[in-house]
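Shared between the two complexes below is chain A, which pairs with chain B and chain C, respectively.
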Partner chain A sequence: MSGYASGIVAILCINLIFAYGVYVTAAAGQLNLGGAGYQAIGAYAAAVLSTQGWTPGWGTIPAAMIISALVGFLIAFPVLRTRGVYMVLATFAFAQVVSGVLLRTSLFGGAIGMVVPDYLPLSVLILAAVLTTLFVFFLMASRFGLAIRAIHDDEAVATIMGVDVRGMQVTVFTIGGALAGLSGALYAHYFSFVEAQYFNPNLSIFVLLFVLIGGTQTAWGPLAGSLFFTLIPEALRIGGSWRFVVFGVTIVLMMAIRPEGMITRTLIARISSLFHRRPSSSALSLPNARPDLPDARMGDQHAK
Partner chain B sequence: MPNEDMLQINGLAKRFGGLMVTQDVSFTVRRGGRKALIGPNGAGKTTLFNLMSGVYPLDLGTISLDGARIDHLPSRKRIAAGLSRSFQNIRLMPHLSVIENVMLGQHSQIVGPLALFNPIGLMRGNQARKAAEDRLKRAGLDVDPDGPVSGLPYGTRKRIEVVRALMSNPKLLMLDEPAAGLNPKETSELSSFLKEEAESGLTLLVVEHDMSFVHDLCDETLVLNFGRLIYDGPTGEVQNDPAVREAYLGTRRVSNAGGDRAA
Partner chain C sequence: MAAAADVTFQRNILIKAAFGSAALIALALAVFLGGHVIAQQIISGLMLGAIYLIVAVAFTLTIGVLNFLNFTIPSLFMLTGMIAWALLKSGLLSFSGSWSWLIALFGGVVVATVASLLVERFTYRYFKAKHGDATEHAIPLVSSLGFLLIFENLVILAFGSESQRFPVPFKADLHLFGLVIGIPQIVSLVSALIVVAALSYVLKQTKIGRALRTIAENPEIASLLGVEVTQVVPVLFLLTGMLCGLAAALFTVNYGDVSPFMGDNIGTKAIAGMVLGGIGSIWGAIIGGLIVGLTETMSVHFLGGDSVEMVIWGLLLIVIIVAPRGLFGHAALGKGKL
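What follows is the complex of A and B.
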């Protein structure tokens, strides 16, 4: 594989794991605009441990995951006191704090960044991406996944059904932290260099776009979103600097045409009914063209 | 000796600001009983349900289920204690399929953190999924289990919500207007399904406006008016009770201006 191609595959693997980190919280209805903060913590944890001669070299990966998971867990408590757009702002602020701390601490090399001695080959990144994807698919197919999707739809009813809403929300922030941290650690070891400027607000916005444009309804969404956002800009390179315009217009069009994301449950049902011929597929015969959108708020007036 | 009363409500009171929404509400529902809760709009029926399921904290009073106090339990633990409910306006999860909505009802039944990772959505032969499909069939609901709930007819969604509430194997099932919006056929199907469930030990408390449904299903009736209980007795005599007639129809009173006015 050429250096260019393997670089793209590496970024794709990192983006995919990163996207799943943001996805697990989004699936529970929590928007995380601080993805870069969690990723930076994983990357710097791996970098610091690697320069300290942590053995074996790959041992920095689980260590980085545990550290970023712990941060995810602790940050969940103040963040979960906020809702909606305020949660987006709180997570965004968290990433800014992380970036500020990294730039101002000499242990982390400040603005110069850090060289990471241990190198991990592309195969490790691919393996990690595959395992993460399988893990998230499994998680979403489990009772845990059902519970967080229920929280996404209606917290009050989920509570009455016996779901520990707060516990689940903290758990998804912890898992999300671990996955974002994993992606950061892999980044550090593959590119052998980390700098705080890389983990900037743009990165947080992009990874959230991977998830939202890909679709939060199924674990296919982040996969589609990461592929789309990693490969389309590369494919558009022929067009020179116009590619950013084309890319931006594409995003706006995607949001207009498929507001629930590229991959929805209805789409999956349609595709799977092509393979299993079920006699009645209500997904196909729906009069309502937008079954993937929530009904008008169905709550009784008292229960909120 | 087991307690004769499945549900005991004692001196329940709730105030929203300056408004007493329920006042000194006390009643019991016997084990396996089918009791209706009726009353004019705004009488506090749904509020009473919300108090019982823990959506709001109580100001005063106690709630006991099967002899054990549940009023101190947080909302999410009351379903495990045996109290399950449906909602006045359908509150199925719009992004979950029919079967997923029903399986959500099993959530309180799972034991231990490992059960959280039971991959219920991976295999069609999964036990939890089978149990949910069986329950749907027993309720007479012939729907695509993997289809979205949002496109289904109102009456079907209403009954899916009842099935979801039953999945927790409750001791007491509280239904908030289960027959509203159902056609006569669906209403009688729902009624006989609920009677079957009650015969196998389920206790029912039902808010309903459809009096023929109430007469068919419930042997006893409570009437709530302005947050107070004004009747607790056999369903057959409720329409003859003077206090109930007054609450629904008003009293005839000659006002100073001359004309009749309904209070």
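What follows is the complex of A and C.
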């Protein structure tokens, strides 16, 4: 594979894992606009552990995951006190604080960044992306996935049905932190360099957009979103600012045409009915197949 | 019930008065202890805060009335500055002689306002028509992120990504008690306060202001009561565009620099100010904007330039977690604001 192609595949794998990290919280109805903060923690944890030689070999990657999962777990408690717009802003502020701390601390190289000694081959990235994808698909198909779907749709009803809403929300933040941290650690090892400026608010915005445009209803959403937004600009050979203009126009159009994202449960049901030779009406009358309802809700701001 | 409300009201006034006097005493003490250097920092902080507060008011208006965090605001701010610069550079305004800078800035404000109305057309109005209610979910927010990308990158494509010099016509500094106060800075603080006072009056006293406050309360009941929601909401976006344009014009005159990224920093700081003051409250946005301006100059002075982000966002994170209402916020977003 040429250097160009392998670079794209690497970015795709990292974006995909990162997108799943933001997706698991979004699937439970929590918008996380601080993804870059979690990714930065994973990347810098791997970089510091690798430079200082505190962990043997590739132990840096699970260690980085544990650290960012721990941060995700701890930050979930204060962040979950907030809702809607406040949660968007709290996670955003969290990412800004992380980036500020990284810039100010000499252990992390400040504004100069850090060189990461251990290089990771592309195959490991691909393996990690495949495993993450399978893991999230499994998660969403399990009782756990059902519970977070219920929370996404209605917290009060989920509570009545016996779902531990708060426990689930803390769990998705922890899993999200771990996955974002994994993507950061892989980024650090693959590109052998980390700098705080890379983990800026734009990165958080982009990854959230991958997830929301892809669709939060099924685990296919982030996959579609990351693939679409990483590969289409490359395929069209458009560079620089035009890429972002096209991205912006796509976002506005998508929100207008398919506000629930590219991949929805209805779409999955429709496709699977083609293969299973079931009467299509039964597939389309699934209780959740409500294409008229926008998916990306902000939670209730107005007291009902 | 009424008595209880009265007590809360009085307590709120007391808290505000206590807070205000504490702030004044702190400032006076700082000037007394720190002398001219600190006084100069405070003045710069207030001037910077004046720009933040106008943008914060723009944010708080849209979020207060429509529950919509309008991410296009930074790009409207940037559009004003860059269009003004481009107009001035194109030489189209050479007929107006020494006043061309003012006409250029005015042109910038007009473009930003038109852009804001365009955003209204494709975010709020569209979803209102399609889903009956556009205030309950993140779709307008995501669309506005899309518009942010479109505006910013179109400007980069048209004018390049470098920072440009905007020729400031007057360089007069006022020397008062050994302090240097720029005349543009005074103009900016005074006009910021005038505009916000006028806005408060409009919201409190006029028909359109009452309509906006009714929509803030509940869009459906507003339309039942005869408010033409689809006609009133564009006014809100008009105001947003004009406020951003004004803030950007003041910023450009003050600092003499424009760039396609000038709105990003101002926008995020204004969000911080808005949340500090309490989302949905105009006076909260004013106080919050000034606090952020002061905090910024103070942390640059005492902790160094790269500490600003950490200090402001750390403060904000604490405020969101400990007291999400901010200083002057109200219990439920969408209720009894403005």
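The definition used in the following text is that the second predicted complex is superposed on the first by the 272 of 304 C-alpha atoms of A that agree within 3 Å, B and C clash if a C-alpha of one lies under 4 Å from a C-alpha of the other, contacts with A are read in each partner's own complex, and residues count from 1 in each chain.
The rule we apply is simple: contacts are C-beta pairs under 8 Å (C-beta built on N, C-alpha and C of every residue); 3 or more make two chains touch, one makes a residue touch a chain.
These numbers were taken from a predicted model, which means no experiment stands behind them.
Asker: State whether A:111 touches chain B only (first), chain C only (second), both chains, or neither.
Answerer: second
Asker: Look at A:147 in the shared chain and tell me whether it touches chain B only, chain C only, both, or neither; answer first, second, both or neither.
Answerer: In the superposition, A:147 touches chain B alone.
Asker: What is the contact status of A:183 with respect to chain B (first) and chain C (second): first, second, both, or neither?
Answerer: The answer is neither, since A:183 touches no partner chain.
Asker: Touching A:217, do we find chain B (first), chain C (second), both, or neither?
Answerer: It touches chain B, and chain C stays clear.
Asker: So in the superposed three-chain picture, is A:269 touching just chain B, just chain C, both, or none of them (first/second/both/neither)?
Answerer: Touch partner of A:269: chain B, not chain C.
Asker: Name the contact category of A:164: first (chain B only), second (chain C only), both, or neither.
Answerer: A:164 contacts chain B only, not chain C.
Asker: Using the superposition on chain A described above, determine whether A:133 touches chain B (first), chain C (second), both, or neither.
Answerer: Neither chain B nor chain C is touched by A:133.
Asker: Which holds for A:230: it touches chain B only (first), chain C only (second), both, or neither?
Answerer: Neither partner.
Asker: What part of chain A is shared between its chain B contacts and its chain C contacts?
Answerer: Touching chain B in the first complex and chain C in the second, residues 292, 294, 298, 300, 302-303 of chain A appear in both lists.
Asker: Considering only the defined contacts, which chain A positions touch chain C in the complex?
Answerer: 31, 78-79, 81-82, 84-86, 88-90, 93-94, 96-97, 99-101, 103-104, 110-111, 201, 205, 209, 212-213, 240-242, 244-245, 247-252, 255-256, 259, 292, 294, 296-298, 300-303
Asker: Within the complex, which stretch of chain B touches chain A?
Answerer: Answer in residue numbers: 46-47, 50, 53-55, 75-80, 85, 87-97, 100, 103-105, 107-108, 110, 115-122, 128, 143-144, 146-148, 150-152, 164, 168, 176.
Asker: What residues on chain A touch chain B, complex-wise?
Answerer: Counting only chain A, the residues touching chain B are 138-147, 149-150, 152-154, 156-165, 217, 265-266, 269, 278, 280-283, 286-288, 291-295, 298-300, 302-303.
Asker: Please output the residues of chain C touching chain A within their complex, sorted ascending.
Answerer: Spelled out, the residues of chain C in touch with chain A are 63, 67, 69, 122, 126-127, 131, 135-139, 141-143, 145-150, 152-154, 156-157, 161, 218, 264, 268, 271-272, 275, 279, 306-307, 309-311, 313-314, 316-317, 320-321, 324, 332-335.
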